[in-house]
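Each of the next two complexes has subunit A plus one more chain, namely subunit B in the first and subunit C in the second.
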Partner chain A sequence: MARITLENIKKTFGKVTALDGVSLDIKDKEFFVLFGPAGAGKTTILNNIAGIQVPDEGFVKFDGEIVNLVDAAHRDTAMVFENYALYPQMTVYDNMASPMRSKLYHKDEDYIKTRVHEIAAMMGMEHLLERLPSQLSNGQKQRVAMGRALVRMPKVYLMDEPLAHLDAKLRNAMRTELKSIQANFGTTSIYVTHDFMEAMSLADRIAVINEGKVVQIGTGDAIYDLPCNEFVATLMGDPEINLIPGKLAKSADGYTFTMQEGGMTYTLPADKAPFAKLDEHGKSEYDLALRPQHLSYSFEPKEGYLKCTVYSYESIGNKSVIIAEAGGQQLRMLAPNGLRVQIDQDVYVDLDLTHALFFDAETKDFVARYNEEAIRAIAEPEEGSDA
Partner chain B sequence: MKKTETSTGMKVLLNVLLIIYAVFALFPLVWMVLLSFKSDAQMYNTMFVFSPTLDNYRQVLFKTDYPRYMRDSLIVSGLAVVVSVVVGVPAAYALARYNFKKKEDIAFQILSFKFAPEILVVLPLFIIFQKLHLYDTYLGLIWVYQLISMPLLIWVVRGYFEDISVEIEHAAQVDGYSWWQIFFKNLVPLIRPGLVSAALLAFIFAWNEFTFPLLLAGSKVQPITVAITKFLGTDTAHYGQLAVAAVISALPAIIFALVIQKHLVRGLSFGAVKG
Partner chain C sequence: MSGLKIEHVYKRYDNEGKGKKKKVNDYAVKDLNLETNEGEFVALLGPSGCGKTTTLRMTAGLEDITEGNIYINDVRVNDLHPKDRHIGLAFEDYAMYPPLTVYENIAFNLRAKGVPNDEIDRRVREIAPLMQCDDLLDMMPVKLSGGQKQRVNIARAIVRRPELLLMDEPLSHLDGKARQAMRTEIKRLINEIKCTTVYVTHDQLEAMSLADRIAIINFGVLQQYGTPAEVYDDPVNEFVASFIGEPPMNILVTTIIKDAGHFFFTFEGSDLRIQVPERYYGVVSDGFRCKVGVRPMDVLIGGPDSKGTPEKVATFENLGDERRIGIRVGEILLMLITEDDTRYKAGDIIRLEVRAEKTHLFDIETGDRIREA
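Entry: the complex of A and B
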């Protein structure tokens, strides 16, 4: 159990900058998720915390103590590697026992036996204990890798995409299991993923990482509802958020928004708070962002609906996604399964602008959204209370 | 059906060809063994039918310094391989794991020691060895044998190290092991097949080495390859004894080759071929 602090970590590999001034403050007992696209530097952050790599600049602190010069063995962490990194010559049992057989974290064989069996039972892999890693499927290897980390009670668990290779059912089960393990042990956990569902469901807080920098830190809800820029907005959520570039113009009783493609002009619903922010920002080019669930459609022409054609219709399980096209503008929206939809048929789309977010078209940064106050109150409940 | 017939014909043909080649390759060895049992009197006037004698063996093993030459060969080749392993395995690890300037150049340079004809370097080496008082010493031969045994070992073992994902080392570090523990507990078992086959092959190469000991050693240190020539006198040639010396000196190489045969091909190709 420990509070992990990173201060302005920089790390380069040759000419490639992997981390460019990363600062994080991970609280004791927190489940902290590092989320970002491939190559963002998430794994490098974990390696720096584990002590596998040493930052070129900046400090890694455990409970306020600088550990830059403490080697990986003495940092008391447990790590799940993305490529499993199982010891090929050892059985699953010996792999899992390995952390408890080192001189530093030594436990007696009786304890090891109970502990390994306990964890193996939890992961449903007791029947695999005598096998060698080469005799396991990828999903099983990944569970062994998890098990090897969970047998110990380190200061921090570092997990690099530990569920990526499990099948969907097992992944959901393990996600629940992980969350409860973490809650029970109360061990600080840092978890790397590129799956936003995983990030949202597991995290106490999420840090969105891109190109070696921390883009945004916050609770899942805060990042989902108040993304700090378009990159974060598009990364969180599936189907992806709709970005509609257009012009904002001041009218008598508020604002109108004219889409760049599609040609529709909307009168924005009156609301003081976002209008004040837009006033303050003072620009006219914006990207209006709207989650797919806030678009509705009709196959009959309706007043105020935008005429589009169907670009695609695909099922995502319990519901489907319609992608409609108006000019060059694509709009994603949710629809029930089993609709008889033809590609290129007409569809009429309505935007529920009371959920709209506004991004500066040039800098792509967040400017304003509707209901910001209310959302902030829900999404950041502990703000300032235990920082 | 026709196809099977032709392939049967092909099989017969292939086997005949292989047998011809085997006879061609093995006959000198068989002939040597036969000679070793012939007395000098029967040397030139018998072919396969003769009255075998163990005189030659008695003569070579008990009346000459043969055991000493054998011992010298074992010491020089054995220690050469030991040095190669002790120095070569860390070198292979470094070449596989660390990035440094001119890494590939250094690796190729090491390999190129094996390309150069020995006779090319032996003359300057002779002079250097004289100056350094390494001429005719165990140390001198063991040192120069590194040219033969080390490159192969480094390249084979390097391939094995490259095949081990670096995360395995990281995982072991996080588990609380020191570098030495990781090396012996996790890495050595994984490179063992390559290490064993490369080391044994290096031993055979060193054992068979002739040019270096011929020119860089004299009377004090005499590996068997050089000592055998002694049985060819200026006036008389004891072919029987020569054959005995050759047969016995070939034994270690043959025994090793048979023992490791199975691992040899797998051990040498496994690390080299990326899969």
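Entry: the complex of A and C
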């Protein structure tokens, strides 16, 4: 158990800057997710916490104590990697027992037995204990790798994309399983992933990392509903959020928004809060962002609907995505499976602007959205009340 | 012209090498029958090792056919050389000629066939924009991203105007977003050139989103051949039901009991009770054991006056776009998906309801669908 603090960590490899001033404050017992695209620096952050790498500048602190010079073995962390790194000649039981048989963290065999069985039961793999790794499926191997980390009660669990190379279905099932045992961890956990569903599902808080910097920190709700810029907005959600560049103009009773491509002009629903922020921002070029679930379609012309053509219609499992095109603007929206849709046929699209977000067209930073206060109340619980 | 026809095809690999034991069931493909319409996009879908790539390779002429016949546009091709089968091939790895530009890579096979230069130029420039690689024509392969390489690779396969286009997991090297974008491109391309296409994949999502019809194969045996809607809504067995869809269909062992004139599904280690739809009354009886399957979208949270069994939430996942709830039923985690905005937490009690018309029954032993009488 520990509170982990990073203060302005910098790390370069030759001429490449991997981490460029990363500061994080991870609370005791928190499940904290480092989320971002490949090459963002997530794993480097984890390695600096583990002590596998040492920062060029800045401090890593465990419970307020600087550990920069403490070597990896003495930091009392437990790691889970993407490749399971199991001992092939040992049974699952011995693999799981191995951390407690090391010199540094030695426990007696009775304790080991109780603990291994406890964790195995929690993870539903008691029946696997006598098997060798070669007799396990990939999902089972990953479970053992995770179980091996969980048997010890270290200061912090560090997990580096533990589910990344399982196929999509198994990954989702394992994620749900991990979620179900997570409440029993009782230990600070730091989890690296590039999968937004893992981040959303597991995290108490998410730090979005890009190009060696922390872009945004917040709960899953905050990252999803109040992204600080377009980069974060597009990372979360599948199909991706729609970004519609256009011009904002003041009218008698509020604002209108004219799409750059597609040519439609919308009167924005009247709402003081976002209008005040747009007033204050004072620019005229914005990217209006709208999640696919807030667009609707009709195959008959309708008043106020934008005329588009179908660019594609694809099933994504339980539902389908229509990508519609008007001018150069593509719009993604959800639809049920099994519709009779022809590519390039006409489709009429309606935007539910009461869910719109506005980003500055130049800086791509978040400016305003509808329902911001209500969303903030859900997305940022107990603000300021943490110890 | 009828596209591809596969007739009673078997493939057996000779296993009599040193140190190899002869297996009892060593057919990689077993009595496969498959027919496509002209211009149709068919996906061969199955787990790794199921025989889908072997089927593709036999069609292409890269593997011998142990038994049976393959026809391409009504011509039996068993003994034809690959180059005489009029096929286009696009594989997972791109295998481009590194010293040649993208243009020359696309043109290579036409040059080899002695197509005149101006005809080659016309065809390359016609295909390139379809695969959005017209800006890449002067580049060398080493400079291309994975997605761009795959575009060129597919352009190269279709520039010859094949009678049959064969693709083997062309997207599996690409990461999430590039893969999605390419999927859309392939879909539009095939719609444009209207070439009969057989597409091998282990990813049910790819098959569902691209194909006109899907052939689901397991252990070398065709399980079901149908449109995406058919295999999703009307699976013939437990394998198909659980392979198609994400999260997969909930499939639970159940004992059916009769209570006050109605049948109910009951589950070991759980107090969950679900009323059996009346259409099954002709095939079930008191004490009947089978498996029942229902998709996570078809499990619902009942309102305040619901008669559903109260159950404890075991897992709650907010994924932004949707929320997933897991309920423990014996050893199994029964999943449901909701777009409702309520935030639950583990331990909350919800009342479970099931869309009765969407339940499927399967035989415990064989996994075959039990249909209503």
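Methods note: the second predicted complex is superposed on the first by the 335 of 387 C-alpha atoms of A that agree within 3 Å, B and C clash if a C-alpha of one lies under 4 Å from a C-alpha of the other, contacts with A are read in each partner's own complex, and residues count from 1 in each chain.
Basically, a contact is a pair of C-beta atoms (placed from the backbone, for glycine too) under 8 Å apart; a residue touches a chain by one contact, two chains touch by 3 or more.
The structure displayed is predicted, hence computed values, not measured ones.
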Which superposed partner A:291 touches (first subunit B, second subunit C, both, neither): second
Subunit B versus subunit C as contact partner of A:220, first or second or both or neither: second
Which superposed partner A:200 touches (first subunit B, second subunit C, both, neither): second
Partner with the higher number of touched subunit A residues, subunit C or subunit B: C
Which of subunit B and subunit C A:87 touches, first, second, both or neither: first
Contacts of A:168 with subunit B and subunit C, given as first, second, both or neither: second
Which of subunit B and subunit C A:317 touches, first, second, both or neither: second
Subunit A residues contacted in one complex by subunit B, in the other by subunit C: none
Complex contact set, residues of subunit A against subunit C: 38, 124, 167-169, 172-173, 175-177, 179-180, 183, 196-197, 200-201, 220-221, 224, 236-240, 291-293, 311-312, 314-318, 320, 323, 337-338, 343, 378
Complex contact set, residues of subunit B against subunit A: 165, 167-168, 170-178, 181, 186, 189-190
Interface residues, subunit A side, partner subunit B - complex: 47, 50-52, 71-75, 77-79, 81-89, 98-99, 102-105, 148
In the complex with subunit A, residue positions of subunit C that touch it: 175, 177, 180, 183-184, 187-188, 191, 202-205, 208-210, 228-229, 232-233, 245-248, 295-297, 314-315, 317-321, 324, 326, 331, 333, 335, 337, 339, 343, 346
